[in-house]
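In order of appearance the chains are A, B, C and D, and numbering begins at 1 in each one.
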Amino acid sequence: MSDIVATNQTILVVGGGISGMTAALEAAEIGKQVIVIEKSPSIGGRVTRLYKYFPKLCFPTCGQEINQRRMAANPNITVLTMAEVTDLQGDAGNYTATVKISPRYVNANCTACGDCASVVEAELDDPHNYNMSKHKGAYLPHNMAMPKRYVLAPEIIATDDAEKAKAACKFDAIDLDMQEETLELKAGAVVWATGWRPFDAAKIQPYGYDRIDNVISSVEFERMMDPFGPTGGKLVRPSDGKEAKNIAFIQCAGSRDRNYLKHCSRICCMASLKQSTYVTEKFGDEADVSIYYIDIRAIDRFDNFYQRVKENPNVTFIKSKVANIVENKKNGNPVLNGVNVEGYHRYANEHDMVVLAVGMQPSVDKNAFPIELKLNDEGFIESDEANGGIFAAGCSADALDVNRAVQSATASALKAIQVVNRVAQAEG
Amino acid sequence: MADEKKIAVEKKIGAYICNGCGIGERLDSSQLETTAKRDGKAAICQQHDFLCSEAGVKMIQDDIDNEGVNRVVIAACSRRAKTEAFAFKDVVVIRSNLREGVIWVRPDEDDQRETTQEMADDYIRMGCAEAKYANIPSASGQQSVNKNILIAGGGISGMTAALEASKAGYPCTIVEKSSALGGATAQLYKKIPTRAPYADPEDTGVDAMIAAVEADSNITVFLNSTLTNTAGAPGRFTADISTESGSTETKEFGAIVQASGFTPYDANNLPEFAYGKNKDVVTQMELEALAKTANGGAIKRPSDGKEVSSVLFIQCAGQRSTKAGHLEHCSGYCCSASIKEAMYFKDQNTAIDTTVLYTDLRTPGAGGENFYRSGQNKGVIFTKGIASEVVDGANPTVKFKDLILDEDVSMEVDLVVLATGMVANAGQPTRAEITLSENEAKEAGTEYKVSVESILNLDYRQGKDVPHMTNGFADSHFICFPYETQRTGIYTAGPTRRPMDTRQAMDDATGAAMKAISEAENAGLGKAAHPRVADLSFPSFRQEGCTQCKRCTVECPFGAINETEDGYPEFNESRCRRCGTCMGACPVRVISFENYSIDTVGQQLKAVDIPDEFDEKPRILVLACENDAYPALDMAAQNRLEYSAFTRIIPVRCLGSVSLSWITDSMNSGYDGVILMGCPSGDDYQCHFVKGSAMAQERMSKVGDTLETLSLEKERVQTYEISITDIQKVPQLINEMAETIEKIGMSPFKF
Amino acid sequence: MSKEYSFYPGCSSQEGASSSNYLKSVQSMCDVLDIKLNVIPDWNCCSASIGYCGGGELPRLALSARNIALSEKHNQGQDIVATCAACWLATKETQERLDDDAGLMDETNQALAEAGLKIENKTKIRHMVEVLIEDIGYEEMGKHVSKPLDGIKIAGYVGCQTNRPFGIEGESFENPKYLDKFIETLGAEPVEKYDKKVSCCGGALAFSEPEKSQALIKDIIEAAYDGGADMIVTPCPVCQMNVEVYQDKINATYGTKFNMPVTYYSTLMSVAYGKNSKQSGLNGQIIKAKKLEEVASK
Amino acid sequence: MSNLNTGMVEKYRNNFLNEVEANVEEGEWVKMCMQCGVCSGSCPLGPYWDHPPQELFMMIRAGKREEVLESTSMWMCTSCYNCLVRCPRELPITHIMHGLAHYATRLGIEPKGQPTRQFAQLFWDNLAKNGRVNELWLGVNLYFMNGFVNGIKVAMGMAGIGLGMYKSGRLSIKELIGGHTVKDKSGFKAMIKKAQELESARVDK
C-alpha cells in the first residue's frame, strides 16, 4: 500500500460504485492519476445487486464487464477496497485524506481458485443478498467481484477455519497477521460518489415489515431473480416458500413522507414497473400484480415503458397510499387496507406477497462526512462553490437512476479535472 | 501496408504453462509443452507452478527482454483473470484458457483425463496459431491531437459545455443558428430552482453566462451561423461554418458536442383545446413571454389585456399519448415548469386562482418534491384530472374529468396554459430511414422530401446527422453509457438528447464536454473510443481484392466507413470502434486488423486436432462474443458448471465480425457443430456495437443453404442470443449441441 | 426523598365517576413508589376530544390553559402529570398550539385574565406512564413486586390517545411495547402479537354511535381471547370503560360469550405490590378480575 | 351561459378554500394534501364516511361548500389520530375534522340529528355549566336527546350498564344534585365567554 503515489494532481474518487467507476475512468482515460476508495471488498456498488435495468431490461453486469475491463487495462487507476476516508482536510488543489484500510487477510497472490472457501465451515450472512442467504467465512463477494480476490471474514479470524483456509492455499495468499492500515493521501480534487442505501423498511411501522414474513423490500425482491441469489432465481415468499404470483407493490415506501424521507426517490416507480415484468414473465396469465401509487413518476422516455406495462391486463394500478398491512393468520397472506382515491373505493386486498418500493437514502449520514459540505435537508450534496474541489457524483448528489447517475459522474470528472489542471499549470 | 509489417517482424513464440490452480494435477504439462513446441512451433516453452506470481511474470519478461520473444502464449487462466499481471508491453499476449476453459468445466475423473487433456492440447495449439498470425497494433500515425471542441448550439447546454471545457483548458467554438446566445432559457422569465430549499423560481442566469462566454478568450462564437459541412473524424474533424450572409469559414476540431436543443411542440395540433382559436389559451413558452412583459407586475392576458385572476394549467397537453400528431413521451420538466409558472401569479398576488390539472405529478428527487410542496404552500391547487376540451368564449372554459371526485366538470378561467412538450432538434433521419420513406413515397406515387434541416451536415455515407433513438431524440441507447451515440466523437447534450430542464441540461452538457475532451485526446493518439477503449488496432484492406460491394460501408454500425471517389472503402479509423463488423461483412475477406483477422481466428479453428469419424470424438466450435457470452462461460466455470469435453471456444470481438468463411472452413475441416453466441438484438439490443449481433444473425440465416450444398444438417450450426447473465444457460446449449450430434451423427468431413 | 408532581386527575377520576377506581389504584401505586401527587387546585375539564361542537378552538384551548396556569401558580416547578389519556393529550396539545401560535397565546391570556390567571406555558406535561418509565424505570418498578402475577396472561391494550399523536418516547405508533414490559416486570405473561393493541374502541362515539363502536370493541376483545388472554390491561379510562362495560350488549348482539376483565396498569401494579383488593381498585371492576383477586387475597 | 354553467363557474375557484383557511381550525393545511388517501384508509369508522378526509379536502378545493359543511362525515371522527400520524404531509387531519364540524355548527348548517353532533354539544354544555363533566347528567341527557319515549328505551337498554357502574362505585346518584364543579365558576365562565368573543371577532369579520 505504501507504494501509492498521490499528489495534488491526483483525483480521489470516494466510492467504487458505477458512479465512482465512471468518474475514475473518464479522468484516467485522459491521463489523470486516480485513486478509488471503496468500502466493500469489491467495486461495483449497488448495481451489482440489481438483476435488470429499466427500461431496457438489460443486465447491469453487461456494462460492468466493460467498465471493469477498462479499469483493469488502465494503469492510471489505483483501487483501494475495504477502505474508508476517515478524515479529509484542505481545499481545492490541496487535500489530504486519511484512509483506513481494513484487513482482507488475503493478498495479491490470490488466484481466486476457491480452495480456501472449500475448507472453511463457518457460514455468515451474505450482505450481497441483503442477508437473505449465507456465504462461507472465506468468500468471493460475487461472480463479478473486482478485484477477483477472496476475503476472509473477520469473524473467522483466530478460529480453526482461518487456519484451515491458510493451510488450503497453495499460493501463500492468506495472511492472518494482516492489520488495519491508515494512509494519508494527497489529492487536488475529490469526487464524492458514496451512493445510496435502501431506506430501512422496518421503520414504516404500518406496513409491518418487521412483523409480517411476506412483506419484503424491493431490493430483496430484486435479489430473488438472480439465479445465483438467495432463492436461486425463484419468486417465492419467505413464510412458506410458496410461489408468489399475486404480488402487491407499494410505492413511496419511505419516500415523499415527512415521517421518513421527505424527498421523492425517483427510481422506485420505475423499479416496481420493472419488477412487475419479472412477475408477468415468470407466471404469464397466472401473474396478478397490483401497484399502489400516489403518482407514477416515469419521466421522459421512461413513460413509454409505463405505457407498455399498463397494457398488460395482469397489472393493476391503484392510486392509494396503503394505510396499513395486517397478516391473515390462516394463510400468511398480507392484507392491505386503504382507499383507492380515484372515486373513493375502500379495499382490503389480500396478496401472496407485498414488495415495499423502498426509497433512496444517501449512504453517508448528514453529520458523518469527513469534511464540511453544503448539503440539502435530504442529505444530498448540493452543487455549490462552497464545496471547493469536492464534487458529488451520482446518488450523492440526488436520488438518481443509473443513467442519470452516470451522467452526473461524467460531469463531476470534468469538474475534478479542471481543478487538477489548474494545479498542474501552477506547478508548471 | 499491414502485410509488409507481417513480413518485417520475425515472430518468436514463447509459450508458458502454469501448473497452479490444479492445472498441474489435472493435466500432463510435459505433454502440453511438447504440443506447444511441436504443433505450436513455440521457440520457447516453460512451465511454472505459479505463473501469475512475481517470479512467474519475471520468467516471461526475461524471455521477452533476452530471448526476443514477441508472441507470448499464456497457458493458464482465462483472459479475464490476472490481466494486470500478464500485461506485457510491446508484445502480443495470447491467453490459452486451461483453467476456466478446461479443468473447471470438466469432472476430475480418471476416465475423463484423456478428453480433458485433448481439450488443453487444442487450446495450446489454438493459442500458438493465433500468436503466429496476430501482430502488435500501432496507431496509423494519421492523427494528431486537436484540442478544439466544436459545439453546435449556443443555448444553456452549448454555453455550459463551452465554459466547462474551457475551464479544463480546451478551446471551444460555438456555432449558433440564431442571432443571439441563450437559446430557449433566454426566453424564460425565471427557471426551476437549482438549489436548496428549492422553494422559489430562480433567475435564469443566462445573461451572466453569455457574459462569461464572451469574456472567455478560449471560446469563439459564431452567431447566425450553421454547419454546412462536417467531414473527417475525431481528432481531425473539419467543419464549414456558414453565416446567413453566405460567408463560410472552415475550421478543424478534435471532437463535437451537439447541443441543438428542442422546439416546443406545435400547439396548433391541439384544436380540442381551442389553441389558435382563443387568444387566452397559451403554451408554457408563451406564458413565459407574458411573465417577462409583466416583469413581476400583474400578468395580463393576450385577448384584452385584462389582469389574470384565474389560470388553469393543462399538463401533458399533446403528450404521453399515442394519438396521431401527439408526442408519445413525457417531457419530464413540464410539471415543475407549471408549478414555477403558477408561482409567477401567486408570488405577485395570492388572490389569483391557479389550478394545475395533472394525471401524475412528476417532480422527482429532493428538489422536485420540495418545489411541489412549496407550490402547494403558496396556494397552487393541484387537481388530478383529464381535460377533454377547452370551450371558446369571452373566457375559455375547460371541460375535464376530476379523477378524484369522479365527475365531469367545467371551469371558466381567464387564462389556460397548455403544458406542451419538447420536440428534439436532432436533425435528419439516417440515410437508411430516408431511403425507406422514399420508397414508400414512390409506392404512394408522391415525392418524399426531408422536411427537417440537418444540424451537422455530416459528410458520412450513412447520413447527415447522429442517428435518432427513442421519440426522435439523439439519445444513447445504453443505460451505463448515456453519451454513446452511433457517431464516434460526436456527443449530444441537453434536450436534443432527451427531454430535460435547465438544471439537468447543464449537468448533461458538462458530461458531454468531458466525453468530447476525452475523445479529442484519445483519437489524437489513435486510441479507440468506447467500448474497446485504448485499442490501437484498426481495419485495413487489400485493395486489389476488393470488389467494391460496399457491404462494409453499409453495415458499419457507426457510419465510420466512407467511399473514395473510385468506390473503395475509406475507413476513418478514429470513427471506428474496432468491432470488426466490416470484416464479418466482407465476402472476399480482404478486411483485417493487426491483431484480429480472418487468420487469427481461422487458423485457430484449423489448429484444432480433429480425430477421425470413428473415434466418436466430435468437435464443437463455439464463437463467443467477448463482451457477454465469453464472460458468461467464464462464470459458468467459476461455478464449476460442466460442459462437453469436445468444445473448443474462440472469443470474438462481436458476432458481427464473424466471417462466413470461418463457418465453412470449420465445416470443411470436420467440425461436427458450430455455435455462435452473440448479444440480444432488437429494440432493446444489448450489443455494444449496436447491430453487430443482428447483422450476424441475418448472415447466419443464409448459412443453411451453404450447409445443404455440403449436404450437412442445418442443426450443426446454431446461433444464440446470450446475455452475460446466462451463466447456467451456456453450458446447457453446448451440451444440447453434443446431444444433437449424437443423434444426427458425426460429420463426414473428417480427413 | 419522594418525587412530586402537579396532578391533573380529570373528570372521570373523580369520586363516584367512571374511572374512580383508576385513581384509587394510582394512589396505591404511588405510595409504594414514593410518588407524591399534588392535585391542581380547582382544575377544570379539558373537553376531551369531543367538546368541539359547542366549543370553538380558543375556548377549548382556554380550558387546558387554565389548568396549566393554575398548576404554574400553585404547584410551581412541578411537571403536570395526567392519568387520563384525553386529559394528557388535550393539555399537551394546548401547550404545543400556544407555543406555535403567538396570536393564540395572546388571545388565550386575554381569556385567562378574566379568571385572574396567566399562562407561562413552560410546564412539562406528562402521562403517568412516562413518569413510571422515565423517572422510576422498569428495574425500580420490578423491585417492589411482592406478589408476582405468575401464570396470568394479559393483553396490553394501549388504545389511541396514549399512543397517538404523541405517544410514549421511543415507542412506535403501530406496535408500542411498554405495556408488555410492564406485564413482564410484574411477573405476568404478555400476549405476543396482540394485533388490536392500538385499535380504536370508538372513544366518545361509544355513546353516540353504540353499534359502530361496539363492533370495534368486539374485535379488540376477540383478539385478546385469540391470544389466550385472561384479562386486558390499559392506560386509558375511556378504553377501560368502553371495552369493559359493553360486553353484555356485544354478547347479545353477536352471540359471543365475552367475560373479559379490563383493568388498569396501576391496578396490576398495586396488586403485585401487595395491596389488597380494595386499595387496588379491584372492587371497581364490573367484570371481576378473579385472577387478580386471588393474588390480592393471598 | 345557462344557470347550470354559471353554477359551474364558481366551481374550482378558491373562494371556499380561502374561507376554510380563514375560519376553520388548522384550515390552512387543506391545500397541502397530495391526495394519497392514507387518512381515508386509516379511519376506524372509515366505512361510515360519505366523504373521507382526503376527499373532503379535494371537495373544499373544488368549492363544494354545502356538500362539505352539511356532511355527516367529519362527525364520524373518533379522534384516534391514526390519520394524523400517518399523513405524509403532516396535515393535522383530526383537528381539521373537528374544525369543520365546529364551523358548520357555528354557521348552523351542520346535520342536526347526527348523534355525535348532539352528544358533542351536550358534552360541551355539560362541562361549560360547572367546569367539570357530570357523567350522570351527561348520560341522562344523552338518552333523552331523541325525545322522552325513545329516551326511556335507550335508558332501559343501558340500565344494565348503569347498574354495573353504580354497583362498582363508578356512577354516583349524588351527581344528580350538585355534584362535581369548579369552585371559581364565575371566573371560569367569564374566561369561556371572553374566549368565545375573541374567536367570533376573528371568524365573523
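Everything that follows uses one rule, which is that contacts are C-beta pairs under 8 Å (C-beta built on N, C-alpha and C of every residue); 3 or more make two chains touch, one makes a residue touch a chain.
What you see is a predicted model; the values in this text were computed from it and never measured.
Colleague: When the contacting C-beta pairs are counted for A-D and for A-B, which pair yields the higher total?
Modeller: If we tally the contacting C-beta pairs, A-B comes out ahead.
Colleague: What chain is the most remote from chain B, judged by the mean position of CA atoms in each chain?
Modeller: The most remote chain is C.
Colleague: For chain A versus chain D, what separation do you get between their C-alpha means, in angstrom?
Modeller: 49
Colleague: Any idea how many Å lie between the Cα centroids of chain C and chain D?
Modeller: Distance between chain centres: 23 Å.
Colleague: Chain B to chain C: how many Å between their CA centres?
Modeller: 67
Colleague: Which residues does chain C have that touch at least 2 chains other than itself?
Modeller: If we look for residues of chain C contacting two or more partner chains, we find 173.
Colleague: Touching two or more other chains, which residues of chain B qualify?
Modeller: Expected reply: 361, 384, 404-405.
Colleague: Where in chain D do residues touch two or more other chains at once?
Modeller: As it turns out, chain D has residues touching two or more other chains at 34-35, 55, 82, 85-86, 89.
Colleague: Between the chains shown, work out who touches whom and classify the graph as line, ring, star, complete or other.
Modeller: other
Colleague: Spell out the part of chain A that touches chain D in their complex, as residue ranges.
Modeller: It comes out as residues 206, 252, 256-259, 294, 319-324, 337-341, 344, 346.
Colleague: Which part of chain B faces chain D closely enough to touch in the complex?
Modeller: 310, 353, 355, 361, 372-373, 376-377, 379, 381-384, 397, 402, 404-405, 409-412
Colleague: Would you mind writing out the residues of chain D in touch with chain B in their complex?
Modeller: So the residues of chain D touching chain B come out as 5, 8-9, 11-14, 17, 31-32, 34-35, 55, 58-59, 61-62, 89.
Colleague: Tell me, which parts of chain C touch chain D in their complex?
Modeller: Per the touch definition, chain C meets chain D at residues 11-12, 14-21, 42-45, 47-59, 61-63, 66, 107-108, 110-117, 160-161, 164-165, 173, 199-200, 202-205, 207-209, 212-213, 216, 245-246, 248-249, 283-286.
Colleague: Once bound in the complex, which stretches of chain C touch chain A?
Modeller: 172-175, 193, 195
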